[in-house]
Amino acid sequence: MGVGHAHALYVHGHSPVHALAPQVKLAAIVVFVIAVAITPRQEVWAFGLYAVVALMTVALARVPALFVLSRLAAIVPFILFAVFIPFVGTGERIDFLGVLLSREGLWAAWNIIAKATLGATASIVLIATTEVTDMLRGMLALRVPAVMTSIAGFMVRYLELIISELGRMRMAMSSRGYDPRWLSQARPIATGAGALFVRSYERGERIHSAMLSRGFTGVMPTLVETRATPASWVLALAFPVVCLGMAILALVVS
Amino acid sequence: MHAPDGFLNAGTAVVTVALSAGTLGVAMRQVKQTVTDRMIPLAGMGAAFVFAAQMFNFPVAAGTTGHLLGGALAAILLGPHLGAIVVTIVVVVQAFLFADGGITAIGYNVLNMAVIPAYGGYAAFSLLRRVLPHNKGGMIGATGLAAWLSVLLSAAAFSIEWLFGATAPVPFSQVFAAMVGVHVLIGVGEAVISSLAVTAVLGSRPDLVHAALDSELGSAGEARVAIRTFVIGGLIATLFITAIVSQFASSDPDGLESVAGSEGFLDSGQEHTLAHSLFADYATTGVANVSMSLAIAGIAGTVTTLLVAWGIVLAVKGKPPHTGGP
Amino acid sequence: MTSSSLEVHGLHFHYPDGRQALDGVDLVVGPGQRVALLGPNGAGKTTLALCLNGVYRAEQGKILVGAVELTDETLGSVRRRVGLVFQDPNDQLFMPTVAEDVAFGPANLGLSGAELDQRVASALEGVGASGLGPRVPHHLSGGEKRLAAIATVLAMEPEIVVLDEPGSGLDPAGRRELIATLSSLDVTQIVITHDLPLALELCPRAVIMDRGRVMVDLTTTDLLRSPELLRRHRLEIPYGFVLAD
């Protein structure tokens, strides 16, 4: 969790995945990750299928593999925790390459690593092929309350402004020799954060005035509707639904 | 702490989604009444502020950095409902737009990083306000302590979820100790930043600190009502928690068994129930007392639930602040 | 677009912290007139602008747009008829794209579909920014933001437009475009500005506010010829600027 957050992860392109309406992509990804999440860990064959689907989608979306790998760095702490589990995990121990590891722990590690990686890859492909405002419109089309998408829209709109204000504040501080190394020196940053809050709040009030002065009565007007053809729905959901079917099969079989 | 997919089991994922959505529904209804048409721009700016504030790491100890959670701060500045909504939107956007946090993990991520710190932090703040002197220093002290507690509550909540929905044979006691232990330190950063930030806001625009509006704290008469509700709620919560936790003491936890089964935790050919493996762990690793661990789980769960529930009740019952102003 | 007259009588307004921002403002502007509103910082110009649009409600006094008095009942229609362009265009461009921002106002008025699209297109054309529709606000230059903000207001088809420091933050080219745009708008205009040459080029009439009241009301040319008046109200002609006779 660092400054990397602010930069949108959209990768400009013209792949078939880019062309899909956002609500279609969202639905497809959600179905896929649900399938992954409910699959019992010992049905390894299912995960093999999911991996193939995920890789196919990455290729279809023409997202550079290096990009996906670099974004996967976010789950590395959890992967490390997972790797650690067989060593500290309890229960029956087995001999694995000369080391005594927890059997349960090995399965648990596999479970977490497989699901986290597949889920994160799906998310990354979604984000790489969908612009932020489109994503919010897609959520709206999927019946997410308009209030929430509007708030999220405002957040995204003004985030860069606030970050640059915060950045300017830090630059001003460091140009005066401020270099925080310990929490005890956090005072100016925290005070700056307070000032930033006040400015942000006051801007919020001005925006509200601007909205009122253009006739706003409390309900955001729906201005852009994203349409998706039935064909695109079928196309996009085909493989995720297959995966879900596999997941249910795996549940039944296990 | 943005957990990825599959970190906790499906049952936990579903239950936490329901809890989060339910709490958010309550929050939305409350906010619409008091803040009306100002909500969207205010919440939007609030969310942008929290998001930006979370991005900057601060040094905690040699080599470690932490970052702001922001739930308690948001609740104190914007009020508990709006604060919870704002941080929820931040967490949801992080999951869907920045791939930070699994989509199927959204239920417990929102619960742990938004709902619990906001309402729990707010409840802790209200409690502390009654105890600490009624001046600016008391306000700031309450903010700092509440912020610190909110981080601990978040860690405790995750540990409780691990108790129910762990996908790995790491005993609750270890997870709890590790999580809460680390967050005792991270919470200090949260406390320092939150209290300093609130001080700064109080300095220039005290009317913007929602928690400073005295209507929220009420007179002695209102306090009596809140405490009665608190006590009743507390008894119910304690019974509920005890009932759940005691399930693990029994040799036949029917409710959780199906979930454990679907996760493959029940190995074919072995009669390992979730409870058995946990207890077996304690025996082999030599953790002192089974009842000690249960006690920790029970107390942590009760305290967390109580504070969060009281925070919600307090916020719903509290008089809405004046919505005036230019 | 039709133009309306504006009448302000005895307007008083104070902020919650007690500051008296407007202390009895009287102003009459005829339909189609262009008036420069000048004065030092803190004079109450922005506060007056926010009152004219109904965002602030004055505690005392009357505002009449055309023949209609601003009351709780007429608030909605007054908001449509008096357009306010804010000092910081970022406050006014809050939608994901410029087109949506321009559409926001008329959509709130009930327009939709082709009619809405037409309104958006003509508003953008009116400021010479037809290409800005699909653009994202925070990637625009200062000048583009300013024009887009004006377009969002023009889309309401107002009868009076109040602009709060429209020239601030613009580079010379942007300023030139702005003046060209405003000159071409056939609507009553009140332009709050510190930029005297802009005031001279755009507005035949100048009103000076100070300490919450209108102090001076005369032609812009006369004002620029009175150094004493300028100095008294903290105004200054740019160095080297010579008024043509």
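Going by the order they are written in, the chains are A, B and C; count residues from 1 in each one.
Convention: a residue touches a chain if its C-beta (ideal position, glycine included) is under 8 Å from a C-beta of that chain, and two chains touch if they have at least 3 such contacts.
As the structure is a computational prediction, the values presented were derived from the model and not from experiment.
Undergrad: As a test of whether you follow the contact definition, which chain pair has the most C-beta contact pairs?
TA: Maximum number of inter-chain contact pairs occurs for A-B.
Undergrad: Using mean Cα positions as chain centres, tell me which chain lies farthest from subunit A.
TA: C
Undergrad: How many Å are there between the centre of subunit B and the centre of subunit C, using C-alpha atoms for each centre?
TA: 47
Undergrad: Which integer distance in Å separates the CA centroid of subunit A from that of subunit C?
TA: 43
Undergrad: So the centre of each chain is just the mean of its C-alpha atoms; given that, what is the distance between subunit A and subunit B in Å?
TA: Each chain's C-alpha centroid was found; their separation is 21 Å.
Undergrad: Could you list the positions in subunit A whose residues touch two or more of the other chains?
TA: 153-154, 156-158, 161, 203, 207, 211-212, 216-217
Undergrad: Which residues belonging to subunit B are in contact with no fewer than two other chains?
TA: Only 41, 325-326 qualify.
Undergrad: Among the residues of subunit C, pick out those that touch two or more other chains and give their numbers.
TA: Residues 50, 94.
Undergrad: Report the residues of subunit A in contact with subunit C in the complex, numbered from low to high.
TA: The contact residues of subunit A facing subunit C are 133, 136, 153-154, 156-158, 160-161, 203, 206-207, 209-217, 221, 223-224.
Undergrad: For the complex, give me every residue of subunit C touching subunit A.
TA: Per the stated touch rule, the residues are 50, 53-55, 76, 79-80, 83-84, 86, 88, 90-92, 94-97, 100, 103-105, 107-109, 136-138, 152-153, 156.
Undergrad: Which residues of subunit A touch subunit B in their complex?
TA: 1-3, 5-6, 8-9, 26, 29-30, 33-34, 36-38, 40-43, 71, 74-75, 78, 82, 85, 88-91, 102, 104-105, 107-109, 111-112, 114-116, 118-120, 122-124, 126-127, 132, 135, 139, 145, 147-148, 150-159, 161-163, 166, 180-183, 186-187, 189-198, 200-205, 207-208, 211-212, 216-218, 220, 251, 254
Undergrad: Can you check the complex and tell me which residues of subunit B touch subunit A?
TA: Residues 2-7, 10, 13, 28, 36-49, 51-60, 67, 77, 85-86, 89-90, 92-100, 102-105, 167-171, 174, 188-189, 192-201, 203-205, 208, 262-264, 268, 272, 277, 280-281, 284-285, 325-326 of subunit B touch subunit A in their complex.
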